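Below is one structure. I have some questions about it.
We call the chains A, B, C and D, going by the order they appear; numbering starts again at 1 in every chain.
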């Protein structure tokens, strides 16, 4: 009985047709699966099935040392690996009670915000592709390549960066960051602007997104929404502002919020956040330039990290929302238990509620706008 | 006997020409998309990748031919043929130039000048939906059937404004023959505009072009094969050359629709303010009229590509809403106003 | 500040707090398992605390921790064999924990609420009635540890496939698995 | 008869033509499950533009695809689905295993991860890296083209036809 719904998605019952969408489906990003009961084109019931990318990251973490786990965090939300790295490192630093040098924190801020831009670019591009507009995706990807170049030239990897170390960062920003950033900055604005022109006021785009899968703030909070999806519902909550970690209390930036929590608001939040991130990078880089060139980059960290017995939870604002790491230490060099709180996990579980009564095309739009990354969803 | 030879030459010419344009269109589409998207596009097969469609064709021909186990075999085979044949046949009545005089014999550049060519085109246009629905149904796949259903609903809905827009044009020209319509577009309108259909029927043209995009299943109306929603729509289960026929039929369809647009609204082979017949020899005039026609068609073909890579796609209910709530009332109003104007002026 | 928080929580919960602790600013309170839903409802509705947001919910298996405490010299390396080793004498402490991470949106304070689940009674009342956000996390805990949540609307496996025979995040389950394969019947 | 069988001139030329067609039009089935999927996207997008080699029109329907680009981790839960997708593809078909996870399981030596997709489907080209750069994928595509060049698509069929008569 349990098997029948697996590949052939069961048989249609009664008046409804059961449609199996995924896991290999263009809009399912590889590993998601939704079993939808439809009445014509209207979705009566959608049942998401996850776990197709469950790689046992949490179990693996119990068998790796604290440092060895950093590369694994890259592969959680692979659109913005650096945000995960930083989040994990901060959790371990909290566990160890380490104080990270200011310069290292500034570099972290710069890199994390770049990663945020890269993440949002993917989301907006893919949302366009899923709604049938292919071209913005290409415009955004071109600029994303330039961000990748900065990452690559900082630490050798394009996507899975393994950025930073526990207690700081591994290297200073290279000398020509200034030149690269000055070249990249106008291009980023240009890409955002082009996308804006192509999509935002496009009548078809507005028809397809405004009011689609709207969500009330009360529901969003009950379902545990965080990040852009929560802000789209009109709740002003950003961990960078509300529980400032690192140096985020020193920067001035806005937290854009939406009204209806529909696909359009989620899209607009991302578009605006990209611009806010550029603002933050500007400020952080100005502060970085004032630092002494030989300022320390690492706190005093022992070779083998053996934190005291205890358990901590530390959350940061990842591009998708609150990314938290719960680490329980038993005093050895390996974590006793690592629990990752992925942002899109909570968002995606409200999916049946979101798409009920909408059309199949809206289901796809909604899924894209939630930015469900299977890597962190399934871990 | 001589007439027979000429007719056969014309048929072969138009077939080859349509095939060639459809083949080149696949190349234009890919390179055009690449140009719009800041890429290069296929450039390895032949010069500028011009032989890319050929490579695709060879590959599709030599690929394993799969008919799914649960599919309806006969209909599955019939689907692509039903889809691509009407597209070819519709071309028979579209004039692709004025006339050419060779050895004292006047040859009309049109396969056959049917006096109800108009109705013929409309009738064949609605035939294409059978290819889609038959293919979608025969595949026995839920995505295919969804695609087929979407296509049927869409084509039926847009047939109405399409037909009404055509009807208004027919009222203006007072004929159903596409050749006579073409000839009627010579000269100027109101003294300063070219005497083209678009100036006599601006709303009609808009209705026609929107409906044509829907008829051709092109973005923003590509719901029957909406990639991100229903995988590949009605041809999800089709591979090898059967898929090739579907893809190919689509481009032939585009050709026909563009030719129709030019014939009805853009003065067919006429250049604005210029009577080519007056200063060109009989043969060169024939060739020139064909070239002018072809250039105009190319523009509309390119427009199809251009639009495809610019706008997102509609949702199903929005397509229906647009068709029934906006286009049909507008088309009816257009028809009424046209009829009134003709009544008053005559 | 953390002391204030602890005081506020114990005022709110009274004798329900079995134990409490603080580490690096994270406050943890332990409450009896059977009354978890009541505790969380009280924390949520208390006007001063207003823990109105469930951040996460997850399980912890303490098997190795107790074994290490019982034999401090000898560290077990292979978790695979751990299950077969004799349990330490005396009544074993509850093996599993379920931890609820709460957040107050108005004050931005966080609280960890912990319940202990003994191996012979693997069930914790569901809190899906309080927060819908608990739906998948509870399913995941069931999937990974085998802890049941009576009152959950749809308690199925979440990440592993339905016929998977074990609960992988338990400490006695080897990292590389026991060679389970998924076999699907095609029609 | 000689021309049609063995390594006759006509057959060889025809085979070359068929191979050329297949080589220049490898439509991919982008099966990006994890991190490598993002790099695959980059390879398809403007910077690297896999379409130059004719590998355009990503076909998500397995019936229409030629090259299965398996980019990313395959978990045991996914294994039967991957197998089914491969089975649904029409011959001739090729498989690129992109990334360490697809090749060997990569860093995820865990209970839920398949240790290399070659346990379930045959793989033509392995691309190492975690994830590989888009250039790696392009190189794999070129390797597939080399492989196509070495094939004799018609030989078996024609000789069996001739001998059968």
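In the analysis below, contacts are C-beta pairs under 8 Å (C-beta built on N, C-alpha and C of every residue); 3 or more make two chains touch, one makes a residue touch a chain.
In this text, all values refer to a predicted model and were calculated from it rather than measured experimentally.
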item: Central subunit by CA centre of mass proxy; value: A
item: Pair with more cross-chain C-beta pairs in contact, given C-D and A-B; value: A-B
item: Most distant chain from subunit A by Cα centroid; value: B
item: Cα-centroid distance, subunit A relative to subunit B, in whole angstrom; value: 45
item: Intercentroid distance (Cα basis), subunit D paired with subunit B, Å; value: 35
item: Euclidean distance of C-alpha centroids - subunit B vs subunit C, Å; value: 64
item: Sequence positions of subunit A contacting 2 or more other chains; value: 6-7, 25-26, 51, 54, 56, 59-60, 138, 142, 378
item: For subunit D, residues that touch 2 or more chains besides their own; value: 45-46, 60, 77, 80-81, 84, 109-112
item: For subunit C, residues that touch 2 or more chains besides their own; value: 159-161, 168, 173, 175, 184, 186
item: Topology of the chain contact graph, where touching chains are joined (line, ring, star, complete, other); value: other
item: Every chain pair in contact, whichever chains are involved; value: A-B, A-C, A-D, B-D, C-D
item: Residues of subunit D that touch subunit C when the two form their complex; value: 76-77, 79-81, 84, 109-112
item: Contact footprint of subunit D on subunit B as seen in their complex; value: 30, 34, 37-45, 49, 51-52, 54-59, 61-66, 227, 231-232, 235-240, 243
item: Subunit A to subunit C touching residues, read off their complex; value: 2-3, 6-8, 50-51, 54, 56, 58-60, 62-63, 94-95, 97, 221-224, 237, 242-243, 310-313, 315, 322, 324, 326, 328, 330, 332, 336-337, 339, 341, 345-346, 349-350, 353, 378-379
item: In the complex with subunit B, residue positions of subunit D that touch it; value: 17-18, 20-25, 45-46, 49, 51-54, 56, 59-61, 63-64, 66, 90-92, 153
item: Of all residues in subunit A, those that touch subunit D in their complex; value: 6-7, 23-26, 29-31, 51-57, 59-60, 71-72, 74-75, 78-79, 122, 137-138, 141-142, 144-145, 148, 158-160, 374-375, 378
